[in-house]
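So, here's a batch of structures to check.
What follows is a pair of complexes built around subunit A, which joins subunit B in one and subunit C in the other.
Take a look at the complex of A and B:
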């Protein structure tokens, strides 16, 4: 579906000093290579300014790459932008493709004509989206009167009316409350699994990834830092897990081989034991702990996806320092 | 709509008063314009102003500046063609609300020079539509400059100030000295306003006027098309 090789994009940035104007070249995307198969759901994450949106704009043909090769849905985006536009859907969380002063339904009707969707297909697709996203009451409301959550549901419907093979979402859940986010994820998951629509989404909300994307790509400073299934990345980057134990009586932490770090809380009532999952299993550890102290409660904590991503960024910084 | 209509009529009254006073000082006629022709020139001009939309709203330029233009660019359409279609649709509405009212107002209340031949009416319609297309083409170029300038309000303001004089809104192009007339008729500006008025009044050769307009409509649209292609190749989307 998507094929990207050694993609680069540079920008000229003016740096003014008095009346003189100098230009400095900034590389936003620096040799990115990846592929996405049809039907995949890929999360594309990275800090602000990492090059996510720039990549997306090149994938949709809006920006022309400085160098490198891109193919989306079998075409070169920048050369065949209009052709590609008919086959992909794009949602920018911070921009609107709906007509501000028109009722939602009128925007959809206009898009039907712009994308030349047949009346029958249009009817079926619109009905499906309206039902799943709960838009029945909102169709006659002008877009300017919709809340952000309602508008996002409208935006996603607008992007799906022409049944795109690929749906690109640039921060689709930005600014939404928890319930609206959940509803959107539910819907996206559904169209990915049931309709087989390929999803590529950028986000800062890692719950989006956890819920939606089996595959995660992390980018920073224009380079891909990691690419793979979330579980694998988690095992690779954060090999340590944590066992939290609550004791019946305050006391010192149990001394167990294989535990690399200990932190205590609440006057010795609670202890955090960190262990490497490659060296010892949680079961072995628990057995040993229970032998030494009387345990009231215990829990094994998986690293949060945020930690995984933070570690990936840190690893990059560390490598930069060594270079 | 009502505000636009009223403004057009009020300014029409002012312009008629000034131009007729000038005519009286010049013994009743300046360069083919007597009192009736002058009234006609003013009222048709006031109507055309809103119809061809000499001064746009700079909306595309604002969208370039804010970066929202990405949304316009990823649609499967030719942006210039889509906006032209929108502008022609606007023209249909403006015909009823902006062109007809001042024209009828002038016809009923002032000495008015109606076309001498019936065929001038449809020809005026054709000329007015070409003027609208040309006006769109020029506005599109002014707005497109935002891709290079980021903030094109200077150019937009300059266009708003000078276009009235160059298009024959302030005074008929015929009032200009000969050298200025010759230069202006080599530019697209009279095609936006003076040409349809001349067709209505029967000034000059209708065929020549229409061909002149067609040439400039095609030229500004073609320039706009190529400028858009260049703009898209160098586009830098503002605001992430």
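Take a look at the complex of A and C:
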């Protein structure tokens, strides 16, 4: 679906010092290579200024790359922008593609004509989105009067009316409250799994990734730091898992080889243990623990995705120091 | 069937404007008066002189009217390019690039202001008056030329506008430059080309093909010799020049859009 090789994009920016006008070159995307298969859902994350939006704009034909090769949906975005636009849907959390002063429904009608969607397909698709995203009440409201969350639901509907095979979203959940976020994720999950629409999304809310994207791509300073299944990345950078046990009676932490007791709480009623996932399985560990102490409740805690990403950034810094 | 979308886009725009209830009549009138003001300048000029560059008052009015009508039509469509710097600076140009349509037609339909019809109306009225009062040896071909001239002129103006506005992709205040070029060329074409000094004439008449908007077609209609020495058939070539100008403008625009850089956020 997406094929990117050695993609680069530079920006010349003016740096005025005194009267002299100097230019320096900022490399926003610096040799990015990746591929996305049809039906995947990929999360593209990185700190501010990492180059996420710039990559997305090149993938969607908005910006022309400085160098490198891109193919999206079988076409070169910079050369066949209009062709590409018919096959993909794009949502920018920070920008609206709706007609500001017109009722929401009018924007949808216009997009129907722009993308030459048949009346039948349009009816079916619109109804589906309206139902799943709860837009019934809002169709006649001018876009400028919609709240951010309401508008975002409109934007996503707008991007899906022509049934794109790929949906690209740049920070779709920015500024939304928890409930709106959850609703949006639910919907995106649904179109990815049920309709098979490929998803590529950037976000700063790692819960989006946890809920939606089996695959994570981390970028910083325009370079890909990590790319792979979320579980594998987690295992790789945070090899330790945590086991939390609640005892029936206060007591010392059980002593099992290969396990470190990190801390205890509630006067020795609760203990946090860590173990390396490569060395023992949770099941083995639990069998050994229950032999030693009487357990009331227990839970295996996966490291938070934030920790995973933070560790990935740190790893890069460490490598830079080594060089 | 191909492009029924553009009328819809224009319709959407007009409905948006309705939602603000702008005073259409007032704006319309302002435009007519603006057009009349320039007319007044010519009329006052001719109280002092009898001919300008060998042309009578009504002949000059004919050129002025052709230029005015053409400029009015061009303004109606290409005038929206005034907003291009805003599109570029705020990054909303992104949205135009997301759609399976050309960016130029989208901008042209983006903010049509019907009050600009005021200008066209003014131009057409003067054109009617001038045509009735100059000696023309009418033939079917000349009728076609009369109708084709404002259209070709509008295409030429629009092309100039597009090329001038393309600079906005590089220069922050390209708009000032674009306005100077377009309004400048309108002022230029409203008078007989031969009254201008040589360097200005070369640039504004042939490079920016301003002389083909009104001057040469008027010569052909009037059956007059070109004081600048070009043969008579040149007056019939405006539609061709317009097509070439449009093609050139299209190329420049495409080149410019490739240099669009968006915004950082």
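Rule of thumb we're sticking to: the second predicted complex is superposed on the first by the 269 of 323 C-alpha atoms of A that agree within 3 Å, B and C clash if a C-alpha of one lies under 4 Å from a C-alpha of the other, contacts with A are read in each partner's own complex, and residues count from 1 in each chain.
We take it that a residue touches a chain if its C-beta (ideal position, glycine included) is under 8 Å from a C-beta of that chain, and two chains touch if they have at least 3 such contacts.
Note that the structure is predicted; figures quoted are calculated from it, not measured.
**Q** Determine, for the superposed arrangement built on subunit A, whether subunit B and subunit C clash or fit.
**A** clash
**Q** May I ask you to decide whether A:92 touches subunit B, subunit C, both, or neither, giving the answer as first, second, both or neither?
**A** Both: A:92 reaches subunit B and subunit C.
**Q** So, does A:101 touch the first partner subunit B, the second partner subunit C, both, or neither?
**A** A:101 contacts subunit C only, not subunit B.
**Q** Check whether A:82 is in contact with subunit B, with subunit C, with both or with neither, and answer first, second, both or neither.
**A** Both partners, subunit B and subunit C.
**Q** Given the superposition on chain A, which partner contacts more residues in subunit A: subunit B or subunit C?
**A** C
**Q** Classify the contacts of A:136 with the two partner chains as first (subunit B alone), second (subunit C alone), both, or neither.
**A** Touch status of A:136: no partner.
**Q** Contacts for A:25 in the overlay, against subunit B (first) and subunit C (second): which applies, first, second, both or neither?
**A** neither
**Q** Based on the superposed arrangement, let me know which partner A:60 touches: subunit B (first), subunit C (second), both, or neither?
**A** A:60 contacts both subunit B and subunit C.
**Q** Both subunit B and subunit C touch subunit A; at which residues?
**A** 11, 53, 57, 60-64, 81-83, 85-86, 90, 92, 94-97, 114-115
**Q** Across the complex, what residues on subunit A touch subunit B?
**A** Of all residues in subunit A, those touching subunit B are 11, 48, 53, 57, 60-64, 81-83, 85-86, 90, 92, 94-97, 114-115.
**Q** Within their complex, state which residues of subunit A touch subunit C.
**A** Subunit A reaches subunit C through residues 11, 49, 53, 57, 60-64, 78, 81-83, 85-86, 90, 92, 94-97, 99-102, 106, 110, 113-115, 142.
**Q** With touch defined as at the start, can you tell me which subunit B residues reach subunit A in the complex?
**A** The touching residues are 67-68, 70-71, 73-78, 82, 232-233, 235-237, 239-240.
**Q** For a test of understanding, state which residues of subunit C touch subunit A in their complex under the given definition.
**A** Against subunit A, the touching part of subunit C is residues 4-5, 8-9, 12, 15-16, 19-20, 91-92, 94-95, 97-102, 258-262, 264-265.
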